[in-house]
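Which chain is which? They are A, B and C, in the order written, and residues in each are numbered from 1.
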Amino acid sequence: MNSFLSLIPRFAEAILVTLEVSLLAAFIGALGGFVLNALRLRFPRWLAGSYRVYVWLVRGTPYLSQLVIVYFGLPVIGITMTAVQATIVSLAFYSAAYFAEIFRAGWASIPRGHMEAARAFGISRWAAFRSIEMPQAIAFAIPLLANQTILVIKESAVASIITVPELTMTASDIVASTYTYIAPYAMLIVCYWLLTQCIAIAARCAQAMIAPSRKTS
Amino acid sequence: MNPPDLLARCLGYLPQLLDGAITTLWLSAIAVACGFFAGIFIYMMSASKSRTLATAARAYVSIFRGTPVLAQLLVFYYVPSGLGWAIPGVVAAAVGLSMNTAAYQSQILGTGFIAIPRGQIEAAQTFNLTRRQTLWHVEIPQVLALTLPALVSEMIDIVKASAVVSVIAVTDLMRVGQQLSSVSYRPLEVYTLAACFYLAITSLLSLAGRGIERRVARRA
Amino acid sequence: MSSLPILELRAVGKSYGANRVLKGIDLAVTRGEIVSLIGPSGSGKTTALRCMNFLEAYDEGEVWIKGQLLGYRSAGRSERDRDSEKSIAEVRRPVSMVFQQFNLWPHMTVLGNVAAPLVLSKKTSRADAHKQALAALTRVGLAEKADAYPTSLSGGQQQRVGIARALAIEPEVMLLDEPTSALDPELVEEVLSVIRSLAQDGMTMVMVTHEMSFAAKISDHVVFMEAGQIVEAGPPEQIFGNTRTPRLQQFLKPWFDRSLTSVTGVA
């Protein structure tokens, strides 16, 4: 038990790295996904095709293969990044495709009738959007966005392969240097599990605050 | 970059990448199959009247869905060797992937089980079918038909998740890519080609899934 | 014909938590007898029927099938005293059931549905099972639908398949749980006529039903239940023609008002 607890400081640092990388990538990805989705409706035909190709490529290949292309492959054509940069860029690029699909579904889920009813009662377009469409879209999207963030955190483990000092890398380091296997990996599982649980709980709280009457799935 | 040279090099990579792809495929297939039966078992546990079993099942699902596959595989590969029992990478990979997908499949299959009207089970009971016969002849065929699209989706996820087994010394598609790129010093070509293999596999699975969906919809 | 009951309930009781649904039900069914259970919703008649093949585990009294105790090993009635699945199956083998919602298995053909209990439970060979299933389907007039799927059949046809399935295992007692309640009115008669013909062939039946005319015509014994108890029981002439129980009179009044001829006058 002692050896288990003594790992906490190093793992705490590693959690921070994992969180920094994941949350930054998720944020950029969410932003990117949002913009992509908003633009999608105004895309000319050929651009819409590229969007579908992009989604197909990103969702049809493992994240690991995308990461190694960015970190090892891009330098060949002159684009070099640090391991952390490569992770954040590739993770953002990867998650943006998923976020875009989430926003697309979120927008489609709002019943038309709500906006029409608002207009009929003389509520301005912007006010209607803010008080009717947006909360519903957000309440719908929160569990999916939280889920995607959790997925990003889990994928970040792959960055250990290019020696980003996140959780998995740290655990493997400790294992390699101390020849103990159980404590570091047990701690690894616990850390990830706590991270994902916290995000899930935070999402439930946020949803309860924004849209208390909405049923959670 | 000279197109004919490029093509020649790519063709040169093909045989080994193909070997790696085959490893990826049968590893994924084993995981899907074991995960199917394990998933049913875990679902039954979660639906059982025993509080201990139900909680254990929920804990299992929570842990395997709430942690990265890579971390799980590292545990299955290194912990036994730490306890003095060295497991080959493929075995750890197969076990780890199976247990991981079992957690997801238990949820997917569970929605199918719940959808079957209780009366059909009662009829089976009345006619003295054993619990196992009811499961196999009445429930599972319908669960499969109901959840096939979601299962195909899960299969695609397994193929993608399998890429990390390269870390525990399994010569899958990804690992072949790593080997080839370190030998050829052409990571962009090699990794892109490897990615294309994954793309081909997942796209074919997707098409198959949509085909099955259409056939099932016609039957209903 | 033996006068020993083929199916017997002695002081059977059942509770769901604090709610006592059955309170001391006594019933004896002899071979070849047709028994109808009638009564308002919530009277416990369906629960009583389901205790007869242990779909519900009764917690007081005894259910005997052909002289064997159903469901329990001994005097106790807790879960611990329950018989093994195998023994329960053995004891209830002579009993089959027809369900209100048919409960056919949608992924099997009509023939498959009828043959399945034979193949899986009675371990009949596939070929023999198919022959027997086809015979049962012919009996209910649906042999030509053998390769169809239940969803392509009307309600009346589905229920007749349900009856065929219950027939194919060659039961000695058939339990029917409101067999026509889920059917559109124009489909009721085709099912009733199948049941009538089975009754004429000597099948022992216990039927929960709301079809009063039908019950009056084919039953040997009618049981009126309310609030978990048997209020009155006797031959149809007594129940439908001559009862002095006010509650039963009240229950039957709508039916009397609708049918203009008395029971005993109809052929």
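Here is the rule we use: a residue touches a chain if its C-beta (ideal position, glycine included) is under 8 Å from a C-beta of that chain, and two chains touch if they have at least 3 such contacts.
By chain, with names taken from UniProt: C = ATP-binding protein.
Note that this is a predicted model, so its numbers are computed, not measured.
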**Request:** Write down the pair of chains with the top C-beta contact pair count.
**Result:** A-B
**Item:** Reference subunit B; chain at largest CA-centroid distance
**Value:** C
**Request:** Find the most central chain, measuring centrality by the gap between its CA centroid and the centroid of all protein CA atoms shown.
**Result:** B
**Message:** Report the inter-centroid distance (CA atoms only) between subunit B and subunit C (ATP-binding protein) in whole Å.
**Reply:** 47
**Prompt:** Taking each chain's centre as the mean of its CA atoms, how far is subunit A from subunit C (ATP-binding protein) in angstrom?
**Reply:** 58
**Request:** Report, in whole Å, the distance between the mean C-alpha point of subunit A and the mean C-alpha point of subunit B.
**Result:** 22
**Fill in**
Residues of subunit B that touch two or more other chains sit at none
**Asked** Residues of subunit A that touch two or more other chains: which are they?
**Response** none
**Complete:** Residue set of subunit C (ATP-binding protein) touching subunit B in the complex reads 53, 55, 85, 89, 92-93, 96-97, 99, 101, 103-107, 116-117, 120-121, 151, 165, 169
**Fill in**
Counting only contacts in the complex, subunit B reaches subunit C (ATP-binding protein) at residues 117, 119-120, 122-131, 133, 137-138, 141-142, 145, 220
**Request:** Would you mind writing out the residues of subunit A in touch with subunit B in their complex?
**Result:** 56-57, 59-66, 68-69, 72-74, 76-77, 150, 153-158, 160-161, 167-168, 171-172, 175, 179-182, 185, 188-189, 192-193, 196-197
**Complete:** Within the complex, subunit A is touched by subunit B residues 62-63, 66-72, 74-75, 78-79, 81-83, 159-164, 166-167, 174, 177-178, 181, 186-188, 191-192, 194-195, 198-199, 202-203, 206
